[in-house]
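Labels run A, B, C and D following the written order; every chain starts at residue 1.
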Amino acid sequence: MSVPYLINGPNGHIPASEKIPVIARPFVSERAKKTLDLVERFVEEECIPADAVFAQQTGQGTVARFDAHPKVIEDLKAKAKKLGLWNMFLPKNHFKEGAGFSNLEYGLMAEYLGKSVTASEATNCAAPDTGNMEVVAKYGTEEQKKQWLGALLNGEIRSAFLMTEPQVASSDATNIELDMKKDGDYWILNGQKWWSSGAGDRRCKLYIVMGKSDPSNPNKHKQQSVILVSADTPGITIERMLSVMGFDDAPHGHGHITFKNVRVHKSNMVLGEGRGFEVVQGRLGPGRIHHAMRSVGSAERALEYFLARLNDPAKKPFGKQLFEHGIMLERVARSRIEIDASRLAVLNAAIKIDQSNAKDALKEISEVKVQVPQMLLDVLDRAIQAYGGAGVSQDTPLAQMWSSGRTMRIVDGPDEVHMLQLGRNENKRGPSLLKRIEAQKAKTRELLKFYGLQEKDVLELKRVSPGSKL
Amino acid sequence: MSVPYLINGPNGHIPASEKIPVIARPFVSERAKKTLDLVERFVEEECIPADAVFAQQTGQGTVARFDAHPKVIEDLKAKAKKLGLWNMFLPKNHFKEGAGFSNLEYGLMAEYLGKSVTASEATNCAAPDTGNMEVVAKYGTEEQKKQWLGALLNGEIRSAFLMTEPQVASSDATNIELDMKKDGDYWILNGQKWWSSGAGDRRCKLYIVMGKSDPSNPNKHKQQSVILVSADTPGITIERMLSVMGFDDAPHGHGHITFKNVRVHKSNMVLGEGRGFEVVQGRLGPGRIHHAMRSVGSAERALEYFLARLNDPAKKPFGKQLFEHGIMLERVARSRIEIDASRLAVLNAAIKIDQSNAKDALKEISEVKVQVPQMLLDVLDRAIQAYGGAGVSQDTPLAQMWSSGRTMRIVDGPDEVHMLQLGRNENKRGPSLLKRIEAQKAKTRELLKFYGLQEKDVLELKRVSPGSKL
Amino acid sequence: MSVPYLINGPNGHIPASEKIPVIARPFVSERAKKTLDLVERFVEEECIPADAVFAQQTGQGTVARFDAHPKVIEDLKAKAKKLGLWNMFLPKNHFKEGAGFSNLEYGLMAEYLGKSVTASEATNCAAPDTGNMEVVAKYGTEEQKKQWLGALLNGEIRSAFLMTEPQVASSDATNIELDMKKDGDYWILNGQKWWSSGAGDRRCKLYIVMGKSDPSNPNKHKQQSVILVSADTPGITIERMLSVMGFDDAPHGHGHITFKNVRVHKSNMVLGEGRGFEVVQGRLGPGRIHHAMRSVGSAERALEYFLARLNDPAKKPFGKQLFEHGIMLERVARSRIEIDASRLAVLNAAIKIDQSNAKDALKEISEVKVQVPQMLLDVLDRAIQAYGGAGVSQDTPLAQMWSSGRTMRIVDGPDEVHMLQLGRNENKRGPSLLKRIEAQKAKTRELLKFYGLQEKDVLELKRVSPGSKL
Amino acid sequence: MSVPYLINGPNGHIPASEKIPVIARPFVSERAKKTLDLVERFVEEECIPADAVFAQQTGQGTVARFDAHPKVIEDLKAKAKKLGLWNMFLPKNHFKEGAGFSNLEYGLMAEYLGKSVTASEATNCAAPDTGNMEVVAKYGTEEQKKQWLGALLNGEIRSAFLMTEPQVASSDATNIELDMKKDGDYWILNGQKWWSSGAGDRRCKLYIVMGKSDPSNPNKHKQQSVILVSADTPGITIERMLSVMGFDDAPHGHGHITFKNVRVHKSNMVLGEGRGFEVVQGRLGPGRIHHAMRSVGSAERALEYFLARLNDPAKKPFGKQLFEHGIMLERVARSRIEIDASRLAVLNAAIKIDQSNAKDALKEISEVKVQVPQMLLDVLDRAIQAYGGAGVSQDTPLAQMWSSGRTMRIVDGPDEVHMLQLGRNENKRGPSLLKRIEAQKAKTRELLKFYGLQEKDVLELKRVSPGSKL
């Protein structure tokens, strides 16, 4: 494909592999670098141009948009497979089914995938399938794998993870209450789920559902189970789709789904009764890194749009091009700083997962979960403002990116929950720090004595009965 | 020394070397790790307790405070030398005189030095001597080295870098105008300098002075020279010291100095006439990293104080300890996130310098120059607020740390200058990005044609003479 | 209508008239207070419940949504007229056609109108008709008034103001280039306009169009003219509608319109050839106040939703209701502070217009133009975050309010333009302030002499040849 | 005095009385306007030039600085008395002893007093004497008034309010524990106080002390009493003074004071045993408005310095004067917006107090208590940054102003306490708002039925067993 796509410096294009932060380079294999460059080209030359085609093939009409299956995505998938850009997300140290990259290496690729609406699905690296495939591959029985994993890994079907419920505060997952009752060899499911992302797509065949199977268990984290449910099971109804800051995200979409006496055979249980929390927690870690790196890529694209606007010769308010306005350059610089710092935080978290596991990287993951979406929104806001009316309209991808970015502050736990957890963990150091500071003060007193000095305040001003003399 | 100092986790102390971010570990030698742990112990057990002693030995009185030479600092220096903690800042790949660490490795140590007022000087790693030693070692003649370098490396004398001038906007160094005129084998210096940091100290014997030696040179960056000036040269007068947000930083201090017909032999010229900019730019890079890492350490210490306060059983407003107030934990979390992201950015910049040089790491250095001090001030502000009155007073180190932190947004170029430079460099990508986006749109049009679709806007609504029919 | 609607305090409902800030009360007539209370009831009891009906009657489908004319709006208009809530926006001191209120009084009412999607149109106080009616009433010929003003004042037709153009930086209106050429008694218009808000509505019959009629006039502010154009004039085409952060705002909408050889009789010129800037500037002042006060109302409604969520007994993350989380109360407090300060700023600006005119209130208007939308977005963001998924979805009005709020930072001039103008005006004081500070310093020197003191710096520390003695 | 002082516009000086926001004018008498203009001239022409003299007369040395009594302040007091600028703070509707102005009118004057270090004391309007005089005048017995009030009103002595204690979280005043025990006709006081502002001054003769007189009272707000204590009572010792972000605020200062068996006759009790909270709350309201308006004045002065710098012809970084850098103008504009909005909020609160009392104005007072200091710090930060090194040094008043501003976020209750209280009060509306929103939704359902529509979601998409067909 033609060269001009990738020109982005005064001296020609610098490939993605050369832009890896120096601190991360020891963790990237030569093979991953080559793939990374391929991902960049695929995204810039194939996926981004296809995004608008995808939108147009999705069409119009509430129902029709969700029934649509844009042809372009299948063509992209075929190209991606041919290029070997497929299932890069499955980390090599845990799964044999993937492309053999580490979380860090995939993280670098995910940044580029995040620049396009179609790129993640085109490479079979789209949420929530990625996490769902990890669940089945990691915790699934052979039978479960046989039924679902191949089709998912092959991009033939899609899946949804059904956790959040509208009637409770599901930011605290112990509140989840979809009823699971045993009836012989079956579980009977009753309740409702929303924010079932991906459920709009006609190809979404598998629901991974969290429910309450043992409500009276004294351990609040043992009351839940996770079960695999075929989307065509009788009793399941998609009632409506949810919009996200005005966008319907069709055909993928976010479903509001009811369960009415839905019978699921017990062989579909994942990991075992009462182990829902275990499944959920194992699933979330890498997924958050993927989201975060895609968000870094979105931010880079927003900055690219911002820079393009600043240099658009047609846009000259008050006789100067936009880049001649110092305040615009200051915003560019701030964006550059924030994006670069965020990327490093995500890569560090990815390495932590690679070297141990998501549980050990809890702090690092929570940090980027909070930091990155806010950064993305800030960068987007500056770009939007530089575009004026065009920035909020359909004429740039910025508005839709903002919509996705905003939800990132809510999905997989709102900022507040992560902050509270981070704050609590950090606070555990408090008592020992109090002791340390006291010990240091005691040492100071010893030293003062050693030097023949009295403890004395810098503003020592002894006045006895101070008002007595003027 | 006793153990309690370093307890800071629920399960005892985690040494500094184990807290190195995973992403940075491949760059740290075993020897550096050991030294790092030693630095931590030295700072926590020796330097921090000595800080208050240092303050008290500095004493009272405008003149007396600058004449003071606190005994404790020499004792600390002796201990540090004995421990091998000396001149760690001189990067191994450029200087044979140092302790043999990389910028990255020293950066990790500098974080701990930044937790104490005395630690940097105690290990002969204090600014501005560090940068000044680099200048003499890198650009100095053998004679210059003989005269100054040994004494500096040995911690016998101190030095100042005289660049900024009160009467001009010296954030733009081409404005600097201290007059340098040749008179036979001598340069005659006339003018004034301020923010000559370190000049207050009686042991400050060497001034490295930037002046204008060739004002009519058409190249604005060739008009300046840098020259070594002995502080006892006749014609030099310290007129006064400058305060920093209320603090005098004695005995170190920040001098306002006048030069009246100061004669300096031409053999003191550094690098050559008209090469002042070269010297200055070579000097600033690593120094900014040192500042930044010390600031990260300051922020960690601020957070430690914050956490100690939250767990002080005596502080129970409204019946709850401070850590039970969710807003405090949220601020702890935000601080944790910001500190960790900043550290990674600084370490990445240090590695960039290590692998190439400061000039190539310009972007990375500018980024942390802006990012880190703002982060430090934010963390400090939260800690101060948690302490209330104690936070602004002399009873915690927070107020003085804030004062230093605030100046970091100004010294070595104010935020605005770095942002402008960053913005301008980033903006160079603009025209090619504009072209790329256009090329991607052209590709979209091709694809639409391929799929038999017409270019159509999502909100296409053709109405001709729209008011004609209702 | 039933009481429960308006209960909003522990002791029952406090009517709007009693919540007027004390500082504004001297400016509000008894009649306005009564009308204000009526507006509040009408909005809370009639309009807000009708908002969802309006949305449903607008229906689905790109074209159909703009062709729709929701029945409920006409019913609301009939009710409003009957209650005397009609055309309150036309300020009494300039227009005899309105309801006889001042800008301040209407401003108070506009706050309540801003809480509902339908309320402004229901009372014939909707933008852009309000500004357009002002233009025709103020600058129109008798003939122009006869043709358009009655129908507009009566709510029979709607109108659009066509200024912004896609191909230029129209934040600087001198860039506007729709071509107007004279041809006998006619003007021939060629060019395109976008963000023609309201143009989607089938009832939009009048376009007030700004174009360039005298491109070679040396005075850049005399090149433009404003002309009234009937929407059914041949050569006009609505090409498409623009979306706003994902919303289409149908049936009102924002049009992208082309003009191809559109012939308009010269009798439609407003105020006179070359006086376009005059018309535009006269139009914008009060409109910005209306927008600002409606935004204050939106913010109040967002806060109401926020508070309702905090007290929803079904939402108990981590065992506590949301209002028991201190961070939520802190955000409520911050919102309260910001809303109240913004309201005062808007009311002060309105009074300034009332007592003089919009031109004299330029500073005050620019201030609220910038301040209020940012405040609204901040309040909305907090409310959205408290609602989690529901906050970004269609289940609360918050997402759509955010979309509108975001555009407020762009329409009628982006923040940056207003800030620059404000900054420049304020900067005019600079030279005289420099002089004043110098004069004050001179006086200080006189006083020091008077008291027998020498000018002395607080950190005076005279050291001659400072390095000479230790 | 000479004219140049007050020139601050391109067309000459606009007197303070003409700059009163239009919305506040109905509340200002002609006499107050005249006095306001006089205050402005007195501050600009007499006090500001005297500030540096005051500093120099305070001199050097920890003890000496607090023993100093700068002559210039007495000369200013004499001038102020002659001009009738004396005790303007005592509100006319509550006290006959003052100058006869309302809180609003004095508020306008306080803004100008806030521009100078000496102006408040020069006009006998300095904290904490103002609040202390109010306490004695309002709650004092005739005997108490005779002993203290005259001397205070006459500016002969000064006073301190001793409330905060170092060992508890005194942001919650119920924690205060200075022990008061009855012994016949005497109270015996034991304990310690800090942040006793003004106690450094040799002329500070009266301490108003809050202590715990009834620790076992079940009502936590009845355990405290307030008592008048002569500063020369045996057993009182000033142990040291506290610094504020590096400044000692001498000779005024902030004392750390111990009480050891201090005997005070029961006739000195204020209002009655156990009524301490009542006294404290009555005292704080207007004082917070005074602080807030002085802070507005400080912010105006910071902006004046900022503007002066922008126009200093000597400061030309990168070939442009500072005002030519757009980012500087943007910061000026932002400062202008924030100052103006803050002023209106303070004035509105003052009127609320005037029309009722401080208790009824609790919300308004809390709002400005939080809003104004943050605004002041933001404006100061921008000005400091524009000055670079000069901004943090003693060469501008900015650093000291920042120090005072920072403490304003802590004194009289830290931000967090006020926010919590504001949030809680606002939250009381929550349950009724929840009901209202429910009622509005019910009405919507009625309307839908009326129009023959079914309740339908905008993204209704019924799919039963959705996976069954592709």
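Going forward, contacts are C-beta pairs under 8 Å (C-beta built on N, C-alpha and C of every residue); 3 or more make two chains touch, one makes a residue touch a chain.
Quantities reported herein were computed from a predicted structural model and do not represent experimental measurements.
Q: Taking each chain's centre as the mean of its Cα atoms, which chain lies farthest from subunit D?
A: A
Q: By the contact definition above, name the pair with the higher C-beta contact count: C-D or B-C.
A: C-D
Q: If you average the Cα atoms of subunit B and of subunit C to get two centres, how far apart are those centres in Å?
A: Once rounded, the distance between the two centres reads 45 Å.
Q: Roughly how many whole angstrom separate the Cα centroids of subunit A and subunit C?
A: Computed from C-alpha means, the inter-chain centre distance equals 36 Å.
Q: Roughly how far is subunit C from subunit D, centre to centre by C-alpha average, rounded to an integer in Å?
A: 34
Q: Residues touching two or more other chains, restricted to subunit C: which are they?
A: In subunit C, residues 60, 62, 242-243, 325-327, 330, 394, 416, 420, 457-459 touch at least two other chains, as defined above.
Q: Sort out for me which residues of subunit A touch subunit D in the complex.
A: 62-63, 66, 199-200, 202-206, 230-243, 248, 325-327, 330, 457-468, 470
Q: For a test of understanding, state which residues of subunit D touch subunit C in their complex under the given definition.
A: Residues 2, 4-10, 21-24, 26-27, 44-45, 48-53, 55-57, 60, 71-72, 303-305, 307-308, 310-312, 323, 326, 328-334, 336-337, 340-342, 344-345, 347-348, 351-352, 355, 363-364, 367, 370-371, 394, 416, 418-424, 426-437, 439-441, 443-444, 446-448, 451, 453, 456-459 of subunit D touch subunit C in their complex.
Q: Given the complex with subunit B, which residues does subunit D contribute to the contact?
A: Where subunit D meets subunit B, its residues are 60-62, 164, 166-172, 175, 194-195, 242-247, 254, 314-318, 322, 325, 327, 384-385, 388-395, 399-400, 402-403, 406-407, 409-411, 414-417, 420.
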